[in-house]
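Each chain carries a letter (A, B, C and D) given by its place in the written order, and its residues are counted from 1.
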Amino acid sequence: MALNDPSNPQGQPLPLFVPSKWDREKQGHFVDSPEHGESSTGRGNRPAANMLPQGGLPGVITGKLEQFAALGRANSLWTLTFGLACCAIEMISAHMAHHDFDRFGIVTWPSPRQSDVMIVAGTVVKKMAAPIKLLYEQMPDPKWVIAMGSCATNGGPYYRSYSVVMGVDHIVPVDVYIPGCPPRPEALMDGIMKLQEKIKRDAKEGPSAQPIVASSEEPTPNEATETEEQETHGAAASST
Amino acid sequence: MATEYDTGQTPETVDMMLNMGPQHPATHGVFRMVLAVDGERVVDLVPHIGYLHRGSEKLMENETYAQVITLFDRLDYVSNFNNELAFVRAVEKLMDLEPPERAMYIRVILCELNRVASHLLFAGTYALDIGAMTPVMYTFRERERIQNLFESVSGARMMHNYIRIGGIKEELPDDFVHRTRKLIDELRRGVEETDKLLTFNEVFLARTRGVGMIDAATAISCGLTGPGLRASGSTYDVRKDDPYEIYDRLDYDVPIGEYGDSWDRYWLRIQECYQSLRMIDQCLDQLEPGPIMPQMRRIARPPKGEAYAHCENPRGDIGVFVVSDGTNKPYRVKVRPPSFCNLVALRQMVQGSYIADAVVVLGSLDIVLGEVDR
Amino acid sequence: MEQQPPQPNDSAQEKTLGFPPTPEAGGKVPPRPARRPPHEEEAPTEVLNERGQATAAALGRVVGSRASSSGGRDDIPWVLVMPDHLFEVLSLMKEHPETKMDMLHLLFAVDYLDHLQLIYILASLSLNQKAMVKVDLPVAGDDAQATVDSAVALWEAAGWYERETHDLFGVRFEGNPDMSPLLLYEGFEGFPGRKSFPFNEYTEY
Amino acid sequence: MTELTAVTFSEVSVIAAALTALLTGLSIIVLSLVWIERKFLGRIQGRVGPTRVGPFGLLQPVADGIKLLFKEDASPAWANKGIFWAAPLLIFIPSFVLWITIPFSNDWVVRNLELGLFYFIAFSVLSIVGLVLAGWASASKYAVLGGLRSAAQLVSYEIPLIMAILVVVMVAGSMNIVAVVSNQESVPYIAIMPLGFALFMLAGIAEVGRTPFDIYFAESEVVGGPFVEYSGAHWAVFFLAEYINTFLIAVMAALLFLGGWSWPFGDLPSLAGLALFMGKTYLVVVFIFWLRGTYPRLRIDQLMSIGWKVLLPLSFANILIAAFQLFYGWPSWTLTLMSLGVLAVPVYFQIRVQRQPAMERARMYAERAIAHRARRPIAETGAVARTVTVKEPSA
């Protein structure tokens, strides 16, 4: 058997093979995912500033409207049916009779046009990266992303595999990370409730940059270091 | 959007390329079908997979034998115990190691319970594909009961990592036998409820009967195994033809279909639930105390060589080929995923049917994408 | 490279693994169980059971001289065949009344660094027997591609198996109608299944 | 004709006020429908339904409405902007304008037209145009498929619906809805023509696209039908129109067949009459939601065959027996008997099939499906049987 071939005992390092960079243009330009694939430090989603243009009416009038809208948005989150792998089974059983998601007003919707939250439940594979980006772009604006499970957070058990994207925040900005492999339906509910808090808090204090790691202790208070320029950039970017 | 395709017909009648994309409520995960559609009739179907190819077989070559079991849990993430059993049997064959009696009985009980849970999930999502929103709620309620038991046994609802090379991880909780007997009665009632609700429902019969028919010969040549093959009349069941663990000591019968259509595949799985519950009853009677793990090294190091073992998964015949080079990491692991092979037969079944039938046939094949793409 | 586990101390009483250290054993962790002698080079115990011998006999009669070497374990005998005899052997095993292998159970490649071994696992449901046909393809290094003629004509299942083996190992199969990538995507360079493909340096995302 | 021209300002303001009251009333009713549906479906499926938003989840529809109003109104780049924007209105306006002639009690009606039922039929057909346009304008293959499916279904179920109403007009003798209801003082028409009621309900559910017949909004096949590409306020208009149509069918069923606000044993003050009428309507609405919770979906060819091969002959028979009874002047209970007789024919066939042992029945369905496939092989249906070498659409 060629296995115990003296010329190449098992211990010797194999010739390193570095294929040419897969040219990124072919896959189109990915918003805010930097060159070498590090995580985009989860800047989180900026909900559409509000119905009324920023410069027009003074903030105080739109402020209350914004919180009123956030209340409506938080209590009727329509998720996009988008199960990738094992976490999808736990997400389905979270929607079912035992742990009922309908109590929170959460309905799964097949089409991205009518959904608000994209729960990325499962391993994000490179072949699936472009469709995920397309779905994210198709969702109308006040939208959020929940990375469910350790695969969507940073690749999970398939860490450093050749065909897995190390975390969905390389592709889309993520709001809530839910640890677990797969996280229990209760953990998913905890993540949803944290997202609802974030929606209401964003409306009160303006879009925050801190993502929330669900089922951890209190989320770190976002320090008010948002520079003015970034603030308008954030509002402009999200309201176009 | 210029679309070039060369078809053998004149340009005025051109088929529409309908893309049931990776994100589609009926494709059970990330499976993509490009249907060449003429009005509502499906002329041709080209399946695209690979949207969940995580490269598990490559990762397995860099992990010790105990760690590989966790990757096997995540292959067919609906029937976890059966996957673990497949890999562990291949390694035990390599080390020609015989697990103790009690370990084999516990493995069979857990695998059959997992088969019932997998068939319940299939029945629920199958009804959802056809449009009935309610049966999925009832079947998932039964499934929660099984998952609670699994949680008491192995600590996890889905990814158990409980079956180890040579035996099982730890002793069962002491109220296991009593709790399982109670669970079997509840499950029997649950499966009967789904059976009464759905199986002979007029609209369900009209939608699934005579849809996606395939005869035994083409099915075998396509590699279709499990309930899909038995629906077309073949009697191939690994537990009967090539018995492993203690399946030869249990008496149960294997349901066989007649027409090989989507209804037969559904009906077969419901009957298999009843047979599995019967098997668990017998196993619980024959279960007696004893060691659960043989005397062996903590880190398994099988001798150099290769071995192939296959078991009966809820979806078909899962085979695992392990090549070992004497170290504590496998040199090469190859999995024969039943869902991957069942998909090869999808094209013959769907040609000539309607779009709605394509969804029904895909549902009746009960594929799990984690296993198809590995 | 695999550190030697600590030697058990004197008392080697019988203790099965898996039980957590029980507190009433004086609070100290019980000694580790006795360990089998360190693993010496065991001869590969590839012995066929009686069913395997019957299949091996039938296989020998059917394949005859074309097999350069053979062996087997438990009930699955295998036969090593030259690449150009491959299609002939496979079709023989499919049609011959003694073997009647009507199902291609599994087709895959194993990379033994200096050559690539292609393994066909065939099963006959009517006679309830299984057999393996192995082919050694002289290909080494990263980009050279061996070519074998495809078995799609015999079994439909071979189509997808061959596309997957082509994706991961770069084995070319003539006669397969469409060899587009099955598991990987268009722009993927390199064959990930091969041992020369690194585990974790390949990042684009 | 002169009376039409001299419309004084006060009359216009009265009608305007009535219309705004109608719109707000309808919105509140739609909110209640959404709440009832989610709670009732929850109960059927063994779960609780929305409880977190307001007491017993009462504010859940309000939350949905607010969210939809503040949602971005995205439209695909390659959509046909004009039609894309107009299609939801084309569905909403007919289903809203219908409410002018629909009376809620003797004198509670915006404008009691003499040809009330004719007006109802004329406008209930218009929503098909909106659906097909929505499907075509959003330029997604699923939307086009959904649009074509809805056109096929609505057209083929419009005829039994109209014929069922025709029989009611024949028996009641007038098209004025208030007159129809007053004719049912003693005996509601469901007792006189049960066949008519069954036809009306079946065709009505198919009109609205509710579950046994919901093939154009089938989320597992056509992912949301014609309104796949709509989002935000535009989609809310579809959502509103769909629920208003469901309520419309329930109201018409209550008015034409269940006797509306008339109470057979003695006269009722108008408020109690309204309550009774609302009770009957919500009963029919709950029946429709009940069907949604329990039945799977029919395939398009089965749905068409039921529409053309079963409902149509029955509606012809319905007209015939009503004509006999009116021409010869027989008492009305004879019409009931004839109606039950005709209804017994399909019911008898169904019972005969049901009484077979279950496996026998399953085998019979398989034989029927095989025969159906043999009769219409793919080649003969106009598409030449060919293996198309499908290339990746290059977009």
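Convention: a residue touches a chain if its C-beta (ideal position, glycine included) is under 8 Å from a C-beta of that chain, and two chains touch if they have at least 3 such contacts.
Not measured: the values here are computed from a predicted model.
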Chains in contact with chain B and with chain D: which ones? A
Any chance you could check whether A-B or A-C wins on number of contacting C-beta pairs? A-B
Most centrally placed chain, judged by C-alpha centres: B
Could you put a whole-Å number on the gap between the CA centroids of chain A and chain B? 30
Taking each chain's centre as the mean position of its Cα atoms, how many Å separate chain A from chain C? 40
I'd like to verify one number: the distance from the centre of chain B to the centre of chain C, where each centre is the average of its C-alpha atoms, in whole angstrom. 22
With chain centres defined as C-alpha means, what is the inter-centre distance between chain C and chain D in Å? 61
Multi-chain contacts only, two chains or more: what residues does chain A have there? 1, 3, 96-97, 110, 127, 161-163
Within chain C, the set of residues that touch 2 or more other chains is 1, 183-185, 192, 195, 197, 199
Of all residues in chain D, the ones touching two or more other chains: 45-47, 219-220, 223
If you connect every pair of chains that touch, what shape comes out? Choose line, ring, star, complete or other. other
Who touches whom among the chains? A-B, A-C, A-D, B-C, B-D
Per the touch rule above, chain D residues touching chain B in the complex are 41, 44-47, 78, 141-142, 145, 211-212, 214-215, 218-223, 292-302, 358, 361-363, 365-366, 368-370, 372-373, 377-378, 381-395
Which of the residues in chain C end up touching chain A in this complex? 1, 112-115, 142, 183-185, 187-190, 192, 195-205
Residues of chain B that touch chain C when the two form their complex: 49-50, 53, 55, 57-59, 61-62, 93, 96, 167, 169-171, 217-218, 220-223, 234, 236, 241-242, 291-293, 295-299, 301, 303-308, 310, 317, 319, 321, 323, 326-328, 331-332, 334, 336, 340-341, 343-345, 373-374
In their shared complex, at which residues does chain D touch chain A? 38, 42, 45-53, 57, 59-60, 62-67, 69-74, 219-220, 223-224, 228-232, 235
What residues of chain A sit close enough to touch chain D in their complex? 48, 50-51, 68-69, 71-73, 75-76, 96-97, 100, 102-105, 109-111, 113-114, 116, 138, 140-142
